[in-house]
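One structure below.
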Amino acid sequence: MKFLTFGEIMLRLKPPYHERLFQGLMLEATFGGGEANVAVSLANYGMDVSYLTVLPKNAIGDACVQTIRKFGVDTSRIQRGAGRMGIYFLEPGANQLPSKVVYDREFSAIALAKPGDIDWDQAFSGIDWFHITGITPAISESAMLLSLQSVKAAKEKGITVSCDLNFRKNLWKYGKNAPEVMTELVKYVDVAVANEEDCQKSLGIKVDADVESGKLDVSKYEALTNQVLAQYPDMKLIAITLRESQSADINGWAGCLNDREQFYLSTRYEIRDIVDRVGGGDAFCSGLIYGLNAFTGKQDALEFAAAASCLKHSIIGDFNLVSIADVLNLMGGDASGRVQR
Amino acid sequence: MKFLTFGEIMLRLKPPYHERLFQGLMLEATFGGGEANVAVSLANYGMDVSYLTVLPKNAIGDACVQTIRKFGVDTSRIQRGAGRMGIYFLEPGANQLPSKVVYDREFSAIALAKPGDIDWDQAFSGIDWFHITGITPAISESAMLLSLQSVKAAKEKGITVSCDLNFRKNLWKYGKNAPEVMTELVKYVDVAVANEEDCQKSLGIKVDADVESGKLDVSKYEALTNQVLAQYPDMKLIAITLRESQSADINGWAGCLNDREQFYLSTRYEIRDIVDRVGGGDAFCSGLIYGLNAFTGKQDALEFAAAASCLKHSIIGDFNLVSIADVLNLMGGDASGRVQR
Amino acid sequence: MKFLTFGEIMLRLKPPYHERLFQGLMLEATFGGGEANVAVSLANYGMDVSYLTVLPKNAIGDACVQTIRKFGVDTSRIQRGAGRMGIYFLEPGANQLPSKVVYDREFSAIALAKPGDIDWDQAFSGIDWFHITGITPAISESAMLLSLQSVKAAKEKGITVSCDLNFRKNLWKYGKNAPEVMTELVKYVDVAVANEEDCQKSLGIKVDADVESGKLDVSKYEALTNQVLAQYPDMKLIAITLRESQSADINGWAGCLNDREQFYLSTRYEIRDIVDRVGGGDAFCSGLIYGLNAFTGKQDALEFAAAASCLKHSIIGDFNLVSIADVLNLMGGDASGRVQR
Amino acid sequence: MKFLTFGEIMLRLKPPYHERLFQGLMLEATFGGGEANVAVSLANYGMDVSYLTVLPKNAIGDACVQTIRKFGVDTSRIQRGAGRMGIYFLEPGANQLPSKVVYDREFSAIALAKPGDIDWDQAFSGIDWFHITGITPAISESAMLLSLQSVKAAKEKGITVSCDLNFRKNLWKYGKNAPEVMTELVKYVDVAVANEEDCQKSLGIKVDADVESGKLDVSKYEALTNQVLAQYPDMKLIAITLRESQSADINGWAGCLNDREQFYLSTRYEIRDIVDRVGGGDAFCSGLIYGLNAFTGKQDALEFAAAASCLKHSIIGDFNLVSIADVLNLMGGDASGRVQR
Amino acid sequence: MKFLTFGEIMLRLKPPYHERLFQGLMLEATFGGGEANVAVSLANYGMDVSYLTVLPKNAIGDACVQTIRKFGVDTSRIQRGAGRMGIYFLEPGANQLPSKVVYDREFSAIALAKPGDIDWDQAFSGIDWFHITGITPAISESAMLLSLQSVKAAKEKGITVSCDLNFRKNLWKYGKNAPEVMTELVKYVDVAVANEEDCQKSLGIKVDADVESGKLDVSKYEALTNQVLAQYPDMKLIAITLRESQSADINGWAGCLNDREQFYLSTRYEIRDIVDRVGGGDAFCSGLIYGLNAFTGKQDALEFAAAASCLKHSIIGDFNLVSIADVLNLMGGDASGRVQR
Amino acid sequence: MKFLTFGEIMLRLKPPYHERLFQGLMLEATFGGGEANVAVSLANYGMDVSYLTVLPKNAIGDACVQTIRKFGVDTSRIQRGAGRMGIYFLEPGANQLPSKVVYDREFSAIALAKPGDIDWDQAFSGIDWFHITGITPAISESAMLLSLQSVKAAKEKGITVSCDLNFRKNLWKYGKNAPEVMTELVKYVDVAVANEEDCQKSLGIKVDADVESGKLDVSKYEALTNQVLAQYPDMKLIAITLRESQSADINGWAGCLNDREQFYLSTRYEIRDIVDRVGGGDAFCSGLIYGLNAFTGKQDALEFAAAASCLKHSIIGDFNLVSIADVLNLMGGDASGRVQR
């Protein structure tokens, strides 16, 4: 089983610890982006995974390739082109103060890449599973066209397609809104991942739940997933992440999954000292993709996804640098955090 | 509306993260002090504010001026004189271990400044609102005399005077105790801010509440504020900050306000992962001053103060580096800490 | 009263803050080990304490001696010999993710030290109290022989012997298991300290309590301590640490003590933002040893131990760098964490 | 005398010390750009100086304004507009390894600003001296048009215009080459600063000197400056910086000046442990502008410029954070570097 | 052309900047070792290179694999086995104070690996060029046996063998001295690299040159290389690095090469602000191996090696993170260190 | 032989690397002062040395004691009293830019200590050699009185007295000038150390040499030392440090010594990349004191002092953390800086 993920990776600049942006002299410089995060996580679980993106031809692009390769991802399909490396600045929140992202990702190499720039036959050669997100079609018209090309090509070749709907309200600035594009793209998706807001803002499917309140009514999520599955007959299953934001440090976290046969709900985790929650959804996606391939039961796959992404909240950076053993330990019920020596 | 604040600013030396003093090689070096913190915060809210202090004529004083100016405070009234820059060392606590302040502020330039060194006509030129605290009269006899001069001069000129009573038990070493001075100074104050201990230790007015317990009986605060207002007939309103210290990391936080017409109580915030609580009271003061000038209702002013100072607990350093939008977001009820992107 | 502790000290390498091992360029380099931690803590409380170990003859060993001496421990009995400095890597956990220790302590100077290398008459000259742990006999056969020699010699000389049973499952690799050795060694112990797992794994005495659950049934600990005391007639008292691991950040913490006359239970502390829990048990031991010598009542001694070790969880590194005043303040009931200035 | 400088300021990201880009987790984040560097330096010398640029409406732009204001520059004329903050990555060299700049400055707010976006009457209100560089017209066609507008408007208003020719070969990508624009722009310049390469690449005027060799034939510079002055009859004087690059750490440094009446040559400085040479030319410009206004003799002005910019090589960041006293000390012949205490 | 290098890689722990070991809290943690350094450098030049070593089965070993892979080296042949990761501590020198290495590399996984643990048929599958050093046979008897096995197997398979003699006086502790082993091993070497001391201490061939003086008499090196070539008839060429140590910061650096047909001498570089000289010899080796494969002339190959290794002295860490373009630039004569932008 | 040194130790605050004061968030916090530096250095050479000072009763004083004790100095004679810890800020220079010291040492505990506060019988108990400097009498009138008491008491007890004249022009502010005091104090000195400026400014003895030029005429120093010895008949010998300041990074360094029988001149060292020159003179003093006690010949003692203090310039902080072996290696002529492994 060989995996391919496709999308944008950015340079992430964050002040250390809880400093404000530019309060001190230093910024932590890492790389991250939804699809790259999934690729790194799959490689980290021992999967054979390739990552496709377009990077600038400069030292920043080179460093990005090295970072991805470090974690065992195949970088041979990465293309280098005109345009810049997208950047996002992350100012860390705490308590009632939210973390803030300042995007500086316009005119990136992948945003400038046009249909024709990527040879999908080559890109998909040997690939069994393809992962994309709702971010790529949001960054530019040409990236949207590439995204649609990619899922259609994958579908034609019989490749399983997974997609994290991932609605980003500050993108989608090129003239289309999210539902115009995503309702088309999702037709080609076998495995969908989303949160409640994604369903509503990307697909226009709304459940009567208050995502801002920090308290979730899980029962309504079966209805929501049924609605999505009804609307997209080729979709095999959909998983929803359930985040209850009580503060920047304290979140409830769980997931549910509907495979048309059954509705599954994961263990709920209370995370009380969040170290870094960016990439939590990506950690869920990669956990789910791994789980669906490694376990026979859907409950196990979902529990792996939930436990893996719960652990992400304790890791600095976008990448979920936990081992299978870490996840299995938590899945097995040990959330005690006792020192392992 | 132009504001002036007057008092001491110190060099603040704190080990990084949770290190003990001198456990590692490095100390975080910032600047802070009650009245400067208020000035920076007001400037940060877009107010026209000037800060008056006396600084030494050396590179440390120069750097201090730069830091204040960086945040948009008018530094043109700052005087340079004999004496040193006061310093405070801050060792961070956690859980049951309290943070500790070691003062090294004796013989500072402002402590040595004498009546006559400051021309109050010049200092108050164009000023509408003057802010002082109970710290300045505590540092030396001459600073006490300057403090009394300042509020009297302000009053004569029809300038609104606000004062944070701010009792500091390790100061007041020059021969007077706090009530001897503060009961006189407060006569000239229009807007007072205090906590329960300040009322008792500075004004000798006691409410039967246990400030150490971490649990506060709010009902008693109406009585307390009524007592203060009864004793100081020119005082227009008094606000009290309500801190419930459960541990170095977990505090309840709220405020109340009595304007002789009504007693207002703010939303109570539970802060569970305090990043830095020094300057919390100053953030309340500046929030209140801003709120009283920006909103028509006292409840709104109080809520702004409470929300602004709640957020301070998530910011490193004395200065409350949050935006009006951050405060309004929390006032509007969003304490979820969800990533803003 | 002069104290001696004997055992291994290691170089401790930990990434800063919550970084994964080798995620950044830097590692925090400190030193620590059970018996050294106890010595530093006793010196910190003003006790006259000497530390005995074997260190390599190189710059790493020199730095280790300096570090111990810095805190006022007498280092004149430390020997220098063949072998290396043991190292442990510590990867910090958070929430459901446990901290992890990677040991690199094989072939250390103390593991290679053989009976005959230490002259116990000299080592014990002037000593009244000797402290050892269950770690030293676990590291090598020769270290085990030295450990048995030490307690026998101490006993003969009428020196009080305290021992932290400290079971480490990844040691004991030289051919003996823990109970084979520890049941012998404990015969010479006057004051034993352990947790539930230590009693079971080191002495084979089991109480029906679930140490992994994070919830402890205190009542069962009286039975456990009675069992141990019954089996070891020369043991004067045993104290048990009670840790409830709810997560890597949140632990309940208390201790109990049985002196054959009475069963004492300490205050229970809820620690909600653990900074560093390594060395918590050692902080309990040193607090208890100090308490037994400084207070007349056992309850006070136990409370000192519990409060001291509670505070350790807020300190970076193995050493419990808190003052007697800090501990007495918490023992006195002030867990409010209010800034001390 | 009030000064205005106009141009782009960028976020500068440099790894600490001599690390490669992304070798460690951290990047030093400062701000810098030719015209901003000149403004900060003039403010630092106590001059009344305003800086004009266009910055994005986000937290990065806010931080940039704060940084400029910190040093006493008037930021009230800065405009906020569409587009991003330009960035440059700086990888430090040493010995034979050159420092490298990776530009990420396309689509910056100032590059997108169009004629009409800046009201030159307002911008020049109260201004006596205007400084611009050859970088601004190189970044985009619209910025070139603004640049030409600016010098023409300044000239009309009788404002002295200074210009650092500053040729950058990796800019000029919008369809014009440097001489096409610069030969026009320089017509309006009273005081020009350049190095040999600037003269050749920007104005097409070549002197037969080998700038790469690290050894300069000063005598040829009189001819070069005469040529420039001959070609631009309104130019009052031109100064040339003379850098002999022996390695990334060791440079010779001097300047010369031709005011049509006399040719002046400054003291030559040997700088053997360069800390940061970026901004050296800007430090010369600001030193010269200060010197021409502060001294009556041209030799003094030139010596001030040379000494000030010599000292810049010992300062981290783009800004020349030295005092007038530092410069006068070096001008006075004390290059001994003895500790001042 | 596919390359294989074989040897030990260690964790390298160095205090930042010029700190003494344990002067501050932090150590820079990187990885390095002669043969790994060569592999990383070849990968960096775009070569297809695999690295063979034995690493422990723990998180330190995992991080090491990631680091090697990051730079594009094939890590699939790396074996995991019993034993630890070797460590070396590096205390940086300056001026007259030498840098110091404290080895903690005994009992490493590769030192414990025995003949039979590595399947040389598999290891050499597809390999054209094999690189080894004189360090591996010095670390343990079994590693010596593996080293001899490796060169014999390579020779049999017609693989080109290169060897850096690399004498280390603090190794060779298992009962053999260097010449006993190296005179045998070198029989199988096609391309030898050494410095003067290596020839003498490893092969017993002495030239009358004073390596400590900082001044080298190049003429004697032709004689030395002739002697070596005479003694080892299968050796095709030998290159010698010529380091003149004037101080810890200032070295002369050059190389020479004798291919039995001609004696070549490279450009001599004066390096005056050494950033990190560890790995300089490895950078020469990898530069030479690249050069011999990329250029037709031996002079070019030697110049590439000399320039590449000259640049290494400006790079932190063992790895020579420079590009082919950097090296060609210096080979082309540009040692000016001018900022590239 | 037991040594005692007496004087002030300060907290030293320096920005990292080459940052300006307050350019970044961090300051390096170490401790240092002439007499403490000598004590640490002597302890470092294995001498039995005690350090006497007066420190404040707070956490800063505690940390200072720990730091001194770490290096093996006996701290049992240190007194704690009223007053603060003196501080000095150090801004690092480079090239032509001098390092700058900002003193904040007024009102320190030792400056406030009065005659009677120190029991000289107790202080000198068991002491054979006493070291003082010209700094202590410069800080306050009472410290001057204590200084005079100390040397008289020492002399009476037959203790050898050494003194580093150490003129500091920014001290001596209490009403006496240096010669008024020092000409008296030096009468009791057996071993004097000074530089040319000290002789002139402290004793009024001038040699016609230009200390600012960076070039020293050694021949004149014999005359100078003869003059001093003539004037102080009880002085047994005087040593002079010879610093040629070419820049902040490049100094020539040597020493000379006159013992009334012979004039000795040490090797001259060229230090070209100074890491930290503060404490260089103290390193010379401690090297000389060690040398006079360890070697029979004066030339050896002087060479040890010169080599030891040469090496200090490569060490961060006031303390000369080099070993006897390091010094002997340099004395032996090896200034090559070759890596020791």
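The letters A, B, C, D, E and F name the chains in turn, as written, and every chain counts its residues from 1.
Assume a residue touches a chain if its C-beta (ideal position, glycine included) is under 8 Å from a C-beta of that chain, and two chains touch if they have at least 3 such contacts.
To keep track of the chains, here are their UniProt names: A, B, C, D, E, F = Carbohydrate kinase PfkB domain-containing protein.
In this text, all values refer to a predicted model and were calculated from it rather than measured experimentally.
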Common contacts of chain C and chain D, by label, are A, B, E, F
If we define chain centres by averaging CA atoms, which chain lands farthest from chain E? Would you check? B
Quick check on chain C against chain F: do more than half of the interface residue numbers occur in both copies, making it same, or fewer, making it different? same
Distance between the CA centroids of chain A and chain F (whole Å) is 62
In whole angstrom, what separates the CA-based centres of chain A and chain C? 44
Enumerate the residues of chain F that touch no fewer than two other chains. 16-17, 19, 23, 25-26, 66-67, 100, 272-273
Assign the assembly's chain-to-chain touch graph to one of these shapes: line, ring, star, complete, other. complete
Okay, in this complex, where on chain E does chain A touch? 66-67, 69-72
Quick check: in the complex, which residue numbers of chain D touch chain A? 13, 16, 21-22, 25-30, 58-60, 63, 66-67, 84-85, 87, 89, 91, 100, 102, 104, 106-107
Along chain E, where are the residues that touch chain F in the complex? 17-20, 23, 88, 93-101, 103, 168, 170, 212-214, 245-250, 272-273, 277-278
Sites on chain E touched by chain D in the complex: 16-17, 269, 271-276, 307, 310-311, 313-317, 321-322, 326, 329-330, 334-341
Listed in rising order, the residues of chain D that touch chain C in the complex are 19, 23-26
